[in-house]
Amino acid sequence: MQANGAAQFGRFLFVLLSAVPIVAGVGYALLYSLGLTGVMAEGMTGAHWREVLRDAAFWRTIGFSLYVALVSILIALAIALALVLRSPRTFTKGSLSYMIYLPLSIPAIVMAFFIFQLLGKGGWLSRLAHQLGMISALGQFPDWVNDNYGIGIIVAHVVMAAPFFTIFFANLYENERLGDYLHLATTLGAGRRQRIFRVGVPILLRRGLATVFLYFMFVMGSYEIPLLLGSQSVQMVSIRTIQRLQRYNLGDIPEAYAISVAYTVLVVVLLSALLWFNRRQMRPS
Amino acid sequence: MSRTVKAMLVGLILFPFAFLLMLSVGRQWPYPALFPQQWSLANWAMVWGGSEGLSNSVAISVLLSTSVAALSTGTSFWVSRHIAYHPKREAWLSMAYLPYVFAPVILAACLQFFFILAGLYGTFGGVLVAQLFITFPYGVIFFSSFWNERLRNMEQLVKTLGGNSRQAYAKVLIPVARGALATCFFQLFLISWFEYGLTNLIGVGKVPTLTIRVFQYVNEANLFLAALASCLLVFPPLLLLWVNRRVVFKG
Amino acid sequence: MLQTKNISKVFQGEQVLEGLSFRINEHEMLSILGRSGSGKTTLLKVLAGLETADRGQVILEGQDITTVPANRRGIVYLYQEALLFPHLNVFENIAFGLRLRKQPESVIKDNVYALLERLELPEQAQKMPEQLSGGQRQRVAFGRALVIEPRVLLLDEPFGALDSETRTNMQDLLKGVAKDYGLTAIFVTHDLKEAMLMGDRMGMMQKGKLNIYDKQADFIADKATGVLEEAQFWINLQDLKK
């Protein structure tokens, strides 16, 4: 009726601010990677894509990003589920229910800096080990940051994700009345382990799947943490993309954009898998 | 949970804050000392003194994050209503998830060209617009569950009682949404306040927010100033969180 | 007073309203009986201007208001839920319509307190909605509508969510208030007894069609309303006892 104009303008604004930037960004990156735009544009060519797809370092980057995300999320989930299922009330009532929110006030760049100062060769743990006589020189401390296994990166992500998941699951526990289900399971004869692994964990994970998955993507695309804690030889996707983009060699730029597009495709595939899985779960059999 | 485990958890939670605070008031920290050899408030005095540009960065960060949060909370509130009441609501809403397909920094990389074209590259306005691309869709998703049949009925009731659209917003929708608006504002403020990659790429160092400062000091191997800038980043949200956890994370 | 001419509406391929033409007189309460999905809510929303009909006219006091927006019709639509504004207390909820019209404070006070008195709520003025019982909330909702002296009041199952005792009280109260204020109203319900109690005249809505009975006897006599069937049930029960 009379509000029609406003509604149309609202939806126009929505498209303008959410879809247009993405479409423009992917479109530009795609054109650039195909040699159709940019300073060095030499006309339609698949050379950059061939280069990227044949480059073992590119696949290592994708694999490393997936590995870091997977390991970080699994460890954080294990910690959060253990804490919540062990004593659910602790995180919804009392002082810890406040305290557990505090780590959320630490941004990624600060977390990266903190982990560096904690785990680095000259960091606090290294000093502690020295004081305790476990090592006698700085060089003896293991490589926990800027290492090839991404230990520092993973620790930083776990420290950020574990409190988040703990809060998330503690609230789910309450809202889904998981306590009642666990009681029910007990009356049906379930033991402690069975209660946790056959009722508690499956319910929490199923209800929290979408959030866990989005966090997975967030870790995979993370930038600040691997920027400070990653190594030069194996890089995460964001780092490799930005680094190639900012090099003086203009020939690297089309490849950087090819990586961006490839990464986007990967994310879209993973997202569709999630949506498909979610829909299958929802569908009444 | 036993008292010991609880105490350990509290210790673990508080440790990073204590550690950063310690470094921010430290001077000289030779290996293998556990604590700095000298303590001084000189670094903190500098913030208020205005040297090193730290106070400038505080001002830029506050201004940027407040503007981003206010703009995106306001527009996403209004826009999400038109999305939520559309018959094809789900299809529209899925568009709001699009920006999360990209990592923010990669989004910035792909949009760099357009920002240069628009003359927004390396400007405060450019960073603001770039951050809106992240915060606005988030706000729309946040508010999409706020609009429901009940609220729609309430809005229609205002109409039959003689109120126009403007009055429906001013006298009912906004007052009813006050809690949700505050929560959304704070969450968007945090997203902006914490942002580094996108800000760095679009701002090209000319919009030195606090996160940019932290990285700059780390690069200069000035860990005391990096810790200080970290504290400036962490303590305002920490304070707000502590004061009102419910308002902040209700959504 | 209020008249409709040949109102029709199709929604998602279904004929929700089919050529409705009827009229209600001033100070009359028309009760409409209908199951859920019979189109009664849609009819009320069309009358209130909250939805548009595909065809037909709505005429109020001789004036065609079909295209007049909801906020200028002076027709108030009340939902089953009281929908009190959660951020306002009882007094402010009732005063709401007067504040929209920027009435002076003294007028607002006099009117609101008079209504609070009539609705048996004088002690509740400063309470917030969540502190009230279901019946009290519904009374506040009436007050909020009555204070602006609506030309027509549309009631969509207003007592549907109340327990039977409160419901009976509220029916009495509404009857009394309607008389005092000379209300013109349409009262929609799926409850047979309520329809007969509340209406000066009665109608029956089925699959988008409305049948209005001028005499109560006609309403009772029509098999479709289910009055006879209901009566027979109680009679049979009585017979069994003997």
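To keep things simple, chains are lettered A, B and C as they appear, and every chain counts its residues starting from 1.
One rule holds for everything that comes next: contacts are C-beta pairs under 8 Å (C-beta built on N, C-alpha and C of every residue); 3 or more make two chains touch, one makes a residue touch a chain.
Because the structure is a prediction, the values reported are computed rather than measured.
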| item | value |
| --- | --- |
| Chain located farthest away, centre of chain A as origin (C-alpha) | C |
| Central chain (by mean CA position) | B |
| Whole-Å gap separating chain A and chain C, where each centre is the average of the chain's CA atoms | 54 |
| Inter-chain centre distance, chain B versus chain C - centres from mean C-alpha coordinates, in Å | 48 |
| Between chain A and chain B, centroid-to-centroid distance (C-alpha), Å | 18 |
| Multi-chain contact residues (two or more partners), chain C | 69 |
| Chain C - residues contacting chain B, complex | 45, 48-50, 69-79, 81, 83, 85-88, 96-97, 99-101, 144-145, 148 |
| Interface residues, chain B side, partner chain A - complex | 1, 6, 9-10, 13-14, 16-17, 19-20, 23, 31-34, 75, 78-79, 81-83, 85-86, 92, 95-107, 109-111, 113-114, 132-133, 136-137, 140, 165, 190, 193-194, 196-197, 201, 211, 214-215, 218, 223, 226-227, 230, 233-234, 237-238, 241-242, 245, 248-249 |
| Chain B-touching residues of chain A, taken from the complex the two chains share | 3, 6-7, 10-11, 13-15, 17-19, 21-22, 24-26, 28-29, 86-87, 90, 95-96, 98-111, 113-114, 116-118, 122, 124, 126-128, 130-131, 138, 159, 163, 167, 214, 217, 220-224, 227-228, 237-238, 241-242, 245, 256-257, 260, 263-264, 267-268, 271 |
| Chain B to chain C touching residues, read off their complex | 150, 153-154, 156-164, 167, 171-172, 175-176, 178 |
